[in-house]
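Paired with chain B in one complex and with chain C in the other, chain A is shared by the two complexes that follow.
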Partner chain A sequence: MKRPSLFSLVLALPLLVWQLAFFLFPLLFLIAISFWTVKMFQMQPDLNFGNWQRILTRGVFWDAYLRTMILATSAAVLTSAIAFPASYAISFKLSDTAKRWMVFILIIPFFTSYLVRVYSLQVFLTDAGIINAALGYIGLGPLPLLNNTFGTLVGMMTLCLPLVILLQTFSLNFVNRDLIEAAHNLRCGRLRTVFAVVVPSAKVGLVVAALFAFILSFGDFVSPLYLGGGNPPTLSIMITDITKSGQQWPRAAVVAIMMIGTLMTVAFAAITYAYKERGK
Partner chain B sequence: MTNSLIRPTRRKLLTMTAGAALATPFLSIRASAQTVNLSMLAWYGHAEPDIVGEFEEANNVKFTPKYYTGGDNMLGLIAQSPPGTYDVILSDGEYVQQLNAAGYIQELDPADYPFDDFYPEFQKFPGHWVDDKLYSVITRFGFLGVAYNTEAFTEEEASTYAVYSDDRATGKLGHFDWHLPNLGQISLWNGNPSPYDIDADAWQGVQDKAMGLRPQVGGFFDYGGTFSSLESGQMTLFSGIGDWITGVLEKNGAKVRSVIPEEGGLQFTESFSIGKGTQNYDMAKKWIQYITSAEGQAKSANMAAYPALIPSEAGWKVLNDTNLAEAKRQNMVLGERNVMDMIREGLIQYRQLPVQQDLGDWNDFWSDYKAS
Partner chain C sequence: MTSNAIVKFDNVVKKFGDFVAVERADFEIAQGEFLAIMGSSGCGKTTTLRMLAGLEDPTSGNIYLDGERVNGRATWDRDTPMVWQSLALFPFLTVQENVEFSLKMRGVGKAERSQRARKWLDKMQITEFADRNIAQLSGGQRQRVALARALVTEPKILLLDEPLSALDAHLKVRMQAVLSNLQKDLGITFVYVTHSMSEAFSMADRVVIMSRGQIEQIGTPEEIYRQPHNRFVAEFLGSANIFDAVVEGKAEGGWAVKHEGGSTVIPMAELENAKPGDKITFIVSAENMQLSMPAADHDGIEATVVGDEFVGGTAMIFLETSTGQEIKVQKSHDELSTLNRKPGSKLIVNWTSENCHVLPGE
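The block that comes next holds the complex of A and B.
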C-alpha cells in the first residue's frame, strides 16, 4: 500500500482539526459532565454514577427511547418509500433540463428555516385548518392531525423528504443503464427490473438516504414539540425537560450520550449493510 | 476639494477610510462614557421599549436584557455567570428566597421604595424580607385560573376545575409545560386550602387526580406553543396559565379568556432585586424606584408582552385615570369589587415551591405524567 504524501496529509488537516475541536472534544466533555453533580443550580466536577443510574433505571426514559426509535424508523421507511417513485421518475423519465429544474426545486425548501415551515404546517393541520376545512366540504372530519404521532411524522417527513429524494436521485443517476437494457432484453418485467436491478445497484445511496432520514428524525426537537404537542415526549424533549427542571445538565448529558451511541450504532450497521456485497 | 470628495482618487479614498477607521474608537469611547449600560435578567418583555423607553431617554441608560423562561432557568443563568453580570434581576416571588440563600442579590433599603403607596398585602411580601431586611421589591402579580375558549365554553362552565374533565375537552385540554402551576391547580381542585403545603396522602391524591385527567390532554406547550394553540382554537381549555397569556390574545381579538374558578386560583408575583456585585447600584435602584412609582406601575400593568396586576394603589389610580378600559379588563377599578377583594376573600393562593415534598418529586411526577 502506498504511503500518503505530505501534501495530502496537509490537505486533510482542516477536517481533522475540525472534527477534534467540534466533535471529539465536546463529546469527551459531554461524557465527563455526565458524572458531575449539581448543587444549588451549579455544576460541580465529580465522579458520580448517580446520574446514569437515575436515568437508566427510570421507565420514563426507556419509554421515550422506544418511542423515539419507532418514530425515527417509521419516518425513515415512509420517507424512503414516498421518495423513491419521485426519485425514479426524475432520474429515469425526465430530460436533462427537467432534471436540473427538479433538483433546483428540491433545494428550495432549505431556503426557509425548518422552524418556520413547521409553524406554517400548523395552519394546515389544526382542526379548523386548511385540510380539515377541505374535508368538511365533502362531509368528513375534522380529523385529529395535530398534537399527535401523525403530526410529528408529517413534520419529520417535511424535514427529510427533499434531502432523501435528492440523495436517491443522485444515486439512481449512477445506475448503469446497460444493466437495465440487458434486463429488458432478457425479458425481465419493468417492476422486477426495478427491484432486481435498479434497487441493488443504487443500494448504497438508498441506504444512506434512509440513514440521513433516521438521524434527522431521531434527534428532531421541533416537530415532536410543535406538531406532536410534546405528547408524549421524545428523547429530545426529555433533554430540555431535564435541563429546565433544576438545571440537571449532567442527567441530560446521559440522555444525549445514549442518543449519540444509538445513532453511531445505527449508522455503522447501515453503512456496513450498504457496502456489503451480495453473497458475502 | 469638493470634486475630490465626490470623485476621490484611490489614494484619497484609502486615506479617508483609514482616518475614519482610526477615529471610530474615539467616537464610541465618547458615547459609552455618557451612557450607562444596565443589564437586566427578566421574563420576556420587561426591557422592551414600551416599558424602559422613557426611562432610558430620561436617564441616558441602555438596558441589555437577558430573557429567560422559568425560575430554574433564571437560577441556572445566574449560577453560571460571574458576580455582577446582572444589575437588575426580575424573578418570580417563590424564587427570591433561593436567590437570597445563594447570595446572588443585595440587601435593599426599604426607605428607597414607595411601599406606602402599596396595598398592605404587598408591603411585607413573604420571602422578600428576611429578619426585617428587604431583598426584593414586588412589582407585578397575576392570577392563574381556567383559560377557556369563549366559543366552546361559557364563563359559568369554566368556573370550576371540573371542566377539565368535560367530554367536550377531550384532546382539547392544553398544559403550560411547568409542573408548579398545573399541579397547584389540581391541588386546589382536590380541596387543599394550601395547595403547595400538602402531606403525603394529599400529594398522592393530586397525582391520582392528574393521572385521571391524562386522556383529556391534547398537548404540553411552551410559551409560543401556548399562544398559537389557544389562538387557533386547537386547545379550548388551558391549565396552568391566566390573563398574562389570554389577556394578550384577547386584546388581539382571540376568543379566549381566563376565569378564577370557585375552588380558588393561584397568584404569581414578579419582583425586582439588585444583583450582588453590580457596578451600577444607583441606576438599578433608580430603575426599581421608577417602575414601582405610580406612573411606572400603570405602564407596567399594560405591558405589551403580557399584562399583569400591580401592587401599588397609587398605580391603580393612575391606571384608572389614564386607561380605564384596561383597568376594567383586569378588574382593577377602584370603588367596585376588584381583584383585591378576591385576595381578601381567600380565593387566591400564592404559587410557591412544594413545602413537604422535594421539588425533584414534583418534577419526576410531571415527567411520568407527560410520558404516560
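The block that comes next holds the complex of A and C.
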C-alpha cells in the first residue's frame, strides 16, 4: 500500500469529518438506543435486549420485511427493464445534441419535491381521477389504481426512473462501439448483440442503477403511504407507527438497524457481482 | 470478374454527406492473395475495408464477394471476419469464450465449439491462456486471440484494420512474420489496411495506395517502389527526387529534357511518345544519386547542403538548389567520407540516364 501524502490527507479531511459526524456517530447512537428502555414515555439509557427480542419475534415485522423486500426488488427490476430501452435509444440512436437535451429533460423531474409529485399522482390514480375518467369514456373501469401495490410501484418508479435512465445512459455511453461491430461481424445479429455484448459491457452501470432503485424504494415512506394506503405497512411506515405509539424510539431503532443491515448486504452483494470478472 | 478473384470492387463510391470517402474504387483481389491497402489517415482505406466487411454500404457501385453481389447484405450474413485496430476483444469473456463466440452465434454445439476453439488456440500458441481474462494478456497474446477468434470459422478471407499499430517495434516485426506464415499456411485471402509502408511492403503480394478516397496505384511492392505512377506515390514512398522538366528534342538514346538547374536525357523506354515542349515529371531515387565536390567544369547541378540524417549504415543528405529544388541523396558513410557535407557547403549532384523514371500519371 502506498502511504497517502499529507496533502491528500488534508483534502480527504472534510469528507472524513462529515462521515464521522453525520453517519458513523448517528449510526452508533442508533445502535446504542436500540438497547434503551422506555418508561412513562421517557427513554432511559440501558443495556436491554428486550427491544430486539420483541421486534424479531413478531410475525408482523417479518411480514413487513418481506413485503418491503418484494416491493423494492420489483421496483428495481421493473424500473431497470422499462428504463433500458429508453437508455439504449438515448445512448445509441440520438445525436450528441439530442443526447444533451434528453439528459436535461431527465433532470427536470428533480426540480419538484418527490412528495409534491406523489400528491399530484393521486389526482391521476383515484377512482374519479384522470385515468379512470378516461377509461370511463370508453366504458371501462374504474380500475383500482390507488391504495394498493400498483399505486405504490407507480410512485416508486416515478422516484427512480429518471435516475435509473441517467445512470444507464452514462454507462451505455462508455460501451466500446468496436465491440458491437465486432459482434455483428462475428455473426451476432442486432437483438442478440444487445444481450450478448451491450448488457455485459455496461454491467457495472446497470447493476448500480438497479441498486439505487432498490435502495430508494426500500427506504421509501412516501409512496407506500400516499399511493399504497399505508396498510399493511412497509418497514418505513412501521418505524413511524412504532414511534407514534408510546414513544418507542428504541424499538424503531431496531427496525432501522435491520433496514441498514439489509441495504448494506444487498449493496455489497450487488457491487461484488457487478465487478466480478471472468476467468482466472 | 477473373476466375480466381474472390473480391471485386466495381466502381464503388462511398459518401458521408458531402464528403467523398472513397471515389471509384475499381479493383479485384485474387483468391489466396495478401493485399495491403495503404495510405495516410483519412484516405479511405478503412472505409474500403469496412464496405467489404459489410459495416458500411457503398453509395454507388457494386461489391462482389466470391462471385456474389453483396451490396446491402449485413455483416452478420457475410463471412468476412475482421481484426480491429483496437482488437475489440470482449473483456467480459475468457480467451476461449472469445474464440468460440462466432461458433456459438452459428449454433455450433458446445463440445464441437470447444474442440474447434482449442485447435485455433493451439495454432496460435495460446492454449495455456484459454481460461484467462483478456485484461491479463500482453499485447502480443491479445493479437493472437483476435486472430484465433476471426479465423475459427475457417473463412476464405480475413480483413485486418491496422492490427499491429499498437505494438512496439520488435513485437510488430514478430507479428508480421506470424501473419505472413499464417496466410501462406492457410492459403486464404488477407486484406490488410495500414499506414505503414514497411508493414505493407514486407508482407503483401500487392499493395493498393490510396489518397483522398482515390486509388493512386495498385501493384507489387517492387513495381510501386521502382515505378511509382504519379507524384503522390513518389512522395509517399519518400525516397525519390522529383523533377519537373520540359522536353527539348531527340538525343542519343532518348529525349533531352530541361529541368531546374540543368538538363538530362530520359531513355526512350521511359518516354516513347513525346514532342518538344511537352511537360513531364521524372524521378531519380535517392540511392541512385551521385555526389562530388565542386570542380571547375562539373557535370551536374550545384546544390547547398541543408542537413543530413542517419539511416542505419547509410546517411540521407538533404540539399537544395539556388532555385529551391529539393534533393535527397542516400549514400554509405564510406562514400561520404571524402565530401564536405557541413550545412551550407556546396556539392555537385549527378545521376545517370538509366536511373530516370518518368511518372506516367503526371
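Just so it is clear, the second predicted complex is superposed on the first by the 276 of 280 C-alpha atoms of A that agree within 3 Å, B and C clash if a C-alpha of one lies under 4 Å from a C-alpha of the other, contacts with A are read in each partner's own complex, and residues count from 1 in each chain.
Criterion: a residue touches a chain if its C-beta (ideal position, glycine included) is under 8 Å from a C-beta of that chain, and two chains touch if they have at least 3 such contacts.
This one's a predicted model, so the numbers in the text were calculated from it and none came from an experiment.
Enquirer: Could you tell me if A:Leu179 is touching chain B, chain C, both of them or neither one (first, second, both, neither)?
Expert: Once the two structures are laid over each other on A, A:Leu179 reaches chain C alone.
Enquirer: Now for A:Arg100: first (chain B), second (chain C), both, or neither, which partner does it touch?
Expert: So A:Arg100 meets neither chain B nor chain C here.
Enquirer: If you stack the two complexes on chain A, which partner ends up touching A:Val197: first (chain B), second (chain C), both, or neither?
Expert: Only chain C is touched by A:Val197; chain B is not.
Enquirer: Could you list, by residue number, the parts of chain C that touch chain A in their complex?
Expert: Of all residues in chain C, those touching chain A are 53-55, 74-76, 80-82, 84, 86, 88, 90-95, 97, 101-102, 105-106, 131-136, 149-150, 153.
Enquirer: Using the touch definition from the top, list the residues of chain A that touch chain B in their complex.
Expert: Contacts found on chain A: 40-43, 60, 63-64, 119, 122-123, 126-129, 144, 146-147, 225-226, 228-233, 238, 241, 243-247.
Enquirer: For the complex, give me every residue of chain B touching chain A.
Expert: Interface residues on the chain B side: 70, 72-73, 75-76, 78-80, 101-102, 171, 174, 177, 179, 217-222, 225, 228-229, 232-234, 359-360, 363, 366-368, 370-372.
Enquirer: Could you list, by residue number, the parts of chain A that touch chain C in their complex?
Expert: 176, 178-179, 181-189, 192, 196-197, 200-201, 203, 277-280
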